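Next, two complexes with subunit A in common: one pairs it with subunit B, the other with subunit C.
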Partner chain A sequence: MDKMILLKDDLSKFITELLKKNKVFAPIQSDDTILFDQITRPSEMNLDFCKSEIPPKNLLFHQTETLFKFTPGTKAKIESVDVDEKKVIFGIRPCDAKSIAILDHAFKGDYEDPYFLSRRDNTALVGLSCNKPEINCFCTSFDDSPASSKYVDILLTDIGDKYYVEMNNEKGKQLTEGMSNLFKHAKESDAKKKKEVEKKAVDMISRHQKTNGIVEKLDKIFENPFWKEVAFKCVGCGTCTYLCPTCHCFDIQDESTLTKGARVRVWDTCMNPEYTLQASGYNPRPARTNRVKNRIYHKYNYYPKNFDVIACVGCGRCIDLCPVNIDIIDVVTRAGEVKA
Partner chain B sequence: MKENPYQPWLATIEDVREEVGGKRPIKTFKLKFQDKNVQNNFTFLPGQCAMVSLLGMGECFFAISSSPTKKGYIEVSVMKLGKVTTALHESETGDVVGVRGPYGNYFDVEGWKGKNLVFIGGGIGQAPLRSLINYIVDNRKNYGKLDVIYGARSSKDLSYKQEFDELEKRKDVNVHLSIDVEEDGWKKFVGFVPDNLLKVKPSPNNSIAITCGPPIMIKFVIQNLEKLGYTEDQIFTTLEMRMKCGIGKCGRCNIGNLYVCKDGPVFSYKQLKNIYGER
Partner chain C sequence: MVDEKELRDVVKKTISRDDVKYVVGYEKGTYGFQATPCFAYKPEDAEKFIFSPLCVHNLTVFPMLEEKPPLRKGEEPDTRKIGVVVKGCDSRAIVQILQEKGLERDKVVIIGIPCSGVIDPKKIEAKFPGHIKKVEVNDEDDKFAVTVDGKTQKIPKDELMPEKCKTCEYPNPVLYDILIGKEIKSKKKEDYKKVNAFEKKSMKEKWDYWEKQFEKCIRCYACRNACPLCYCKECMVDQLNPQWVRRSVNLSENTAWNLLRAFHLAGRCIGCEQCERACPMGIPLMKLNKKIEKEIKEMFEYEAGISAEEKPLLAMFKPDDPEEFIL
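Showing the complex of A and B:
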């Protein structure tokens, strides 16, 4: 697909053009946190970051979402909600964009999740390569790159005084229709520069997870005491799952008065003991060991078995933010070394 | 928006039957979809489940306890345990519920044609078996010998009494009821369901055994079936995990890489031996 150049001075114009036809979500600074939110002007963005503390998955899979509204009682009625709205996520990192491709598997399949998938269809991803990976980044352990264009519609890479722009598909092209004055065709030297920038970023990634044969290995060590040792420190706060860009568990609850209500879904976490607690009082995953193990297995064994892809993109958020330093790079690498 | 699997159809409670009283009562609800087309298109097989909700209270996953051969309605049998099941027990004829489904896999009623079938149930586990038994009885000529083994703590705790009376009258079905402790006037077996199974001693030849009930009962039933010579692919059961979505999305009901809501609830003992994961 087309390789273009966007001058840095023209970035604002590009965003302004996007804003004319779309809701645009981009990284913003909110107190100490970088997160994605809707912007109305280019100046509201903050592009000086490695990863947003809160991944942009919440733009497609809302933390709280009304599934439908209803009137309870004998004259019960159900009222659908509409979720079709065009939007652009600008500045999404390649790892977070991959997480959305991973989530596609969970939300597609025998039953299609209309909320996630409608938003997905109506959302264009304009990615921004990561030039400054941090200490716990390990996307390269999954053969991906901080400048991968695989999972976005358009990828921008900062190559100094301009952005190298990869138009990845029709969706990307359509998005930039009528903006040809902003984009010039890239030269050989620009492509070379992108490669250099990419290599520099890849070289900055210092930590690596050994994932070779991990699926088969996990099959053999489910009962191993190793997991008890791993989970020992966990306080069950759920941070690692709430902030993971590939976690998709949710709870469904009714919120209602006598005359009207809504069925809502909210993010949930398998790190919470109530998650599997049955009405009879029986709980199949009563201990933290069970739950920590479920998180790791879900990503490195169950998901690959069901969808042929590891459900971790190596963003490192769960490592950065775990209050007791449980480190998934270390856990998985060591699991690979445990004697079965 | 796309078709929405989370949005239930409305159904009216046509009838409520009290099956069992006491501390953990069970009631059977007869539900009829308000939309005729929905009712006609709602086809299922024994073992499949439905997500039933009281708008404002929440949703629960139940085995459909009526047989697909009974058209025009579905039934669920509900044990009163927590929030939604308690509210359901307070519901009456004419009240409206939400229903979505059918969900999950089913008993292999096609593959079992020509076989002898042994049903071993206890507690609320009899709900999916009731659907299966009634289906088989309504297609009686397709199957071999039928043994129905079912038990409860006391005679008051036995569900589907009328239906069992009818079944007992039939010459082509062998019913073996039991209660756990002695009672005046009880002439049938006294003892636990797994022990009754050993007494009935159904032959494993060309047979399939299906057991649903409390986990502890299932454990001993399977042990005893193996004693009787049943192999692991002749034994079937259903599993339970806490659920929310019922369609393999919310992540909650996994055992290993399988989701009970969509890949289950019916499993052969052979399958169970090969999957790991807490349950």
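Showing the complex of A and C:
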């Protein structure tokens, strides 16, 4: 793994170089919200943020995605949809990058999802360490760090007047080919500086979730009244799931007019009663309590059983934006303490 | 300032009644400036109840969210009452629902609390960003006394209140069974200043503005679910046959959703601002609701959620109702 230095003054040159061969997506500020969107100039992005409102998973797993187009009727014609060009997600946080690695399991599982996977192959992740975690950040509860380079191709860490650059793999190296004039080899002191910055960020994380033995514990407390206590206040909106970087459920629908149609895939949410409603009219998760419980179980029990990883990265978005303060740090920690 | 002991005693008394299923009120949230809905099923549960300017939720949504899962053989439905803690604005939601016969009066026990304004969580979190563990907020006449990590600051209410509180004409619950504390006198007046200013913009400016807002919508339906007046058995956007609004999330469908919701609340929205508070994307939904509220007030001299005996706006007719808008 190569450790380099990029001067802050050279950042826009780096972006300009990336733009020559790739579509670049970066955090953009609009009103009070930060969202990842395509940029055409380095000046459009804003790197002074903690996390984007919507996680950048939506660049690989679109909220609305046309799977193919068709013309209705007896002489139906089917038209496939172009797969994305080469793309760089610049400024992705280590937690959000980890979520994409978690999503890989689902989309590479029993059935390969060509839409997600081809986009994933064509996308390079240039991460940016998180120097100012916010109140509900808890990535350290999963043995990760706000400056972890594990899940990105290149990681930049702001160490004052320059970025400490970790080229993580071949993809990262290829991306920066021909830009050697911008990067210099890092010195021992730069590596030390990164460690300091990382420690400072880790120390800023004040909330922690206890996940020891949670998978087994959840097996024992499925019918516990605890779930009613934590979930009765849920109003049943989909904010927590739509803003979750690891949630990946979708619905598929045909949307057509008389002359043209498309099969679309849209995000779905297990908070919606319709999600489990069966054609017979029976609903195995009839109450909000069942649905909130499912959200927790999917992340902390089913996913670890299937793929050996907890499907939560500790970004805290579901806590920040829940209208009734259903707090996954609190819920999971308390679930661990419930008497089975 | 509300006497929390009095509140807890009332909750204790209410939940001790045989005909009450549970009481919904507020408790301290899990971090920072959060308060959160909580439920008392037995007298001891009342101990955690609080009331402070951080109690922003409209709890009247809970009786409307009551689920009726299929009963097991021999099981009787639980028809006991629900106790609800309400502020002035919240109580108007109950009145409006009663008016629409969405709820029967004897199915709720209303515990009213006069309120001189709450705190917008977004505004206070912006003022005290970061890692706050211990906070306390008290109401002191025209100021909020905010104690963070042992230091108290007095902040003028206008700086922290949501818009609805700045022009609130109903600080006292308009309907209640039990009132906690004394009624408040208020001279505030809804003057629709923001609506009037927005109306002056050109058609194009307005459309561009709303396009930008609706583009942000992720259709999580937090606006709908946090709203006590959105209680249709099946929401129009959930219907599949026919499908009125497509599932695709794009400007066209998002606009359809946000406008249809605004119109379905015409003459029904009581201005509790829960939709705007719950929206994760910061869409200023109250701008739509307030515009419709103003038009209705001017044309029909009607205000939602004031009298349970009155008929709903869309269920009454006066021969001299204006009809210039009919083509």
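Descriptive notes on the structure:
Criterion: the second predicted complex is superposed on the first by the 339 of 340 C-alpha atoms of A that agree within 3 Å, B and C clash if a C-alpha of one lies under 4 Å from a C-alpha of the other, contacts with A are read in each partner's own complex, and residues count from 1 in each chain.
As a working rule, contacts are C-beta pairs under 8 Å (C-beta built on N, C-alpha and C of every residue); 3 or more make two chains touch, one makes a residue touch a chain.
The structure presented is a predicted model; accordingly, all values stated were derived computationally and were not measured.
Of the two partner chains placed around the shared chain by superposition, neither subunit B nor subunit C is touched by A:Asp96. Legend: residue contacts after superposition of the two complexes on their common chain; A:Tyr111 is shown touching subunit B, with no touch to subunit C. Within the superposed three-chain model, A:Gln253 lies in touch with subunit B and with subunit C [touch as defined at top].
After superposition on the shared chain, subunit A has more residues touched by B, the comparison being subunit B against subunit C. Looking at the shared chain after the overlay, A:Gly238 reaches subunit C, while subunit B stays out of its contact range. Contact with subunit C, but none with subunit B, is seen for A:Asn325 once the two complexes are overlaid on the shared chain. In the superposed model, A:Glu17 lies in contact with neither subunit B nor subunit C. When the two structures are aligned on the shared chain, A:Asn136 is found in touch with subunit C, with no touch to subunit B. Touch criterion met: A:Leu67 reaches subunit B, while subunit C stays clear of it.
Overlaid on A, the two complexes show subunit B and subunit C touching the same residues of subunit A, namely 251, 253. Residue ranges on subunit A touching subunit C, taken from their complex, read 30-33, 53-54, 63-64, 134-136, 204, 206-207, 232-233, 235-239, 241-243, 251, 253, 255, 264, 266-267, 269, 272, 274, 286-288, 319, 321, 323-325, 327, 329-330. On subunit C, the positions that touch subunit A within their shared complex are 29-32, 34-39, 57, 61-62, 65, 67, 69-70, 129-133, 212, 216, 218-222, 224-226, 238, 246-250, 274, 277-278, 280-282. Interface of subunit B with subunit A (complex): residues 1-8, 10, 53-59, 81-82, 85, 94-96, 98, 215, 240-242, 244-245, 247-252, 254, 256-257, 262, 276-279. Considering their complex, residues 67-68, 70-76, 78, 80, 82-84, 106-107, 109-114, 117-118, 219, 222-223, 248-254, 256, 261, 263, 265, 268, 270, 275-280, 282, 284-285, 290, 294, 297-298, 301-303, 305-306 of subunit A touch subunit B.
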